[in-house]
Amino acid sequence: MNSLAKLLEAALFASPRPIPTEELAVLDDEASKAAVQSALDELREHYNVDGHGVELVEQGGGWQILTRPEYTEAIERAQMAIRPHRLSGAALETLAIVAYRQPIGKAEIGEIRGVDVGAILKSLLERGLVEVVARGEGLGRPLLYGTTPLFLEQFALRHLEELPRIDELAIALRTSKPAEDEAGASTEPVPAGSA
Amino acid sequence: MTSPHQGATGETSFVVELSAFNGPLDLLLSLIRDEKVDIYDIPIANICKQFLERMHELALNDAADYLEMAARLLRIKTLMLLPRHEGLDQWEDPRAELVRRLLEYQQMREVVDVLERLGEDRRNRFARSWTQTLSAPPQAPLALSLAELLLAVDRVLRQARKPVMHDVVPRALDVDGAIAIVRAVLALRANARWRDVVRLDAEPWEVLSALLALLELARRSELKLAQSRPFSDVEICRELAGEAA
Amino acid sequence: MNSLAKLLEAALFASPRPIPTEELAVLDDEASKAAVQSALDELREHYNVDGHGVELVEQGGGWQILTRPEYTEAIERAQMAIRPHRLSGAALETLAIVAYRQPIGKAEIGEIRGVDVGAILKSLLERGLVEVVARGEGLGRPLLYGTTPLFLEQFALRHLEELPRIDELAIALRTSKPAEDEAGASTEPVPAGSA
């Protein structure tokens, strides 16, 4: 490819929106509009002839590099198949507190964990594991959170009462096999006083 | 920012000057470099004097971190003046701790140079900023196990201060929670129905909790319960006598 | 290019983040990890030999297509993409300390830098370059910080071990030994595992 085509490729790749031909001409003072047009043709040809996963298309008032339609399905499928996401130790702790203390406000969770839990709570909400179940009393009527049916499903619980009582916890921990190996534990951000 | 060398360029602003050095250790290190003195044998009186002068020039007299370092230097200077006891071979150089910190800092500055170079290289390349919306991006599935959750509970219990967590028990019924829900609903409107305070897929304990909450609130005259005919939806009406908001 | 290379190109074009090899392997059930690796090599070769405005780089825990540096200035001048801000010296110092000493608390960072690092740490957290990875022992159970995958990405590192080892630095100094027993910190110079 000629150097103008390479420059256009880089610019089209980096730009967050389609770029019209006239704007592309700004990239190189010395390039005429005709030169830009022929460089675009060269780039498009190159993607087509050479066998690429992407193509150059003119749409939305400008030029864009798009992935070819025949690959979109595989990409979407792959996003589904991406290895299951493990919750971080911090997220699990927050979830545990919500499960045992619901309905509970953000401030109270933060007090127990000793850190601000806003971001973690947000991601648990997005994942559908907790939800707002009420508003609390007092200043600002804080949102109170509880666990969702999905939470029960994910942990294979029929209802919340199936969670061991705190005073039974030690026994439950001894009998239940910790998920997998140390792989899980090593990514555990919490300094395990136990493990 | 590499080694920040800038003769005090007249009356530059406070902020600019402050950012010329990344802290007292940075300033100290640059003095040591400028004076070409051995870091293991710092002429403390001289360096201390210069440090104070630069602090003054750079209008850093109010910066706590610099003040602390100045105090430290003065203390070391005093200790160096104390007569050493001939017989005592156990003399500990008062500068030792400072030297250790300076070396540690200097080492870190080397890493900063590396990071700066790497970061600049990366800044010179653009990643794709426009992303094709294929379809709704599905979230990766979750891998969760009950054992993991219980371990998390255990950690929380270990970490939590006792007074906060001593009452952590699964609640068979959560009447307080249900009361909060009912009050929240009634805060928004004067009339509500059973379905407004209990979700359709509510667990039995939630249903019971809600029922007890309604009875309790009725007892406290915060609301009135009514049923237009048998088996119809329960109507919940706010009572003005309810407690002050 | 072979069809796997084209598929990988499409997927890499579709992602603003680096994609790890294992995730790329999910795109095609029939492709072995070796096949994915050789397709990646082919793609990288193609971009290099054929003269493209972009290149394939391995960094930040995965593979990413980036524009070539020689086009950056023109693209920025034409305002088609914006370069991120350069980090301040104070921010870089803090990052350097966190990178080498993680998990590390605020007080310890401040001690090494000789200044209070609260504000800087907050902005690094907001930029997603560091994160809370644990809580320390002792008084108040201080938060301990570590670097994120985004840190690797923004400094074009494949992993933390690519940073020079402490004993390779010109100023050799046995620093006070890191943490205590943390499994991660046991490999003296650079704590393993970015996770």
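To keep things simple, chains are lettered A, B and C as they appear, and every chain counts its residues starting from 1.
Just so it is clear, a contact is a pair of C-beta atoms (placed from the backbone, for glycine too) under 8 Å apart; a residue touches a chain by one contact, two chains touch by 3 or more.
From a predicted model like this one, the values you see are computed outputs, not experimental measurements.
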Chain whose Cα centroid lies at the greatest distance from that of chain C: B
Maximum inter-chain contact count - chain pair: A-B
Distance between the centres, which are taken as Cα means, of chain C and chain B, whole angstrom: 22
Distance between chain centroids, defined by C-alpha means - chain A, chain C (Å): 18
Length of the line joining the C-alpha centres of chain A and chain B, rounded to whole Å: 23
Multi-chain contact residues (two or more partners), chain A: 10, 13-16, 67, 72, 75, 82-83, 114, 190
For chain B, residues that touch 2 or more chains besides their own: 126-129, 132, 134, 159
Residues of chain A touching chain B in the complex: 10, 13-17, 64, 66-67, 72, 75-76, 79-80, 82-87, 89, 92-93, 95-97, 99-103, 111-114, 126-127, 129, 133-137, 141, 144, 146, 149, 154-157, 159-161, 163-167, 169, 172-173, 176-179, 184, 190, 192-195
Interfacial residue positions of chain C with respect to chain A in the complex: 1, 5-11, 13-14, 22-23, 26-28, 50-54, 65, 67-68, 71, 74-75, 78, 80-81, 132-137, 141, 143-144, 182-183, 193, 195
Chain B - residues contacting chain A, complex: 126-130, 132, 134-135, 137-160, 164-165, 168-170, 172, 174, 177, 180-181, 183-184, 187, 201, 203-205
Residues of chain B touching chain C in the complex: 1, 4, 19, 22-26, 64-65, 69, 100-101, 103-112, 114-116, 118-129, 131-132, 134, 159
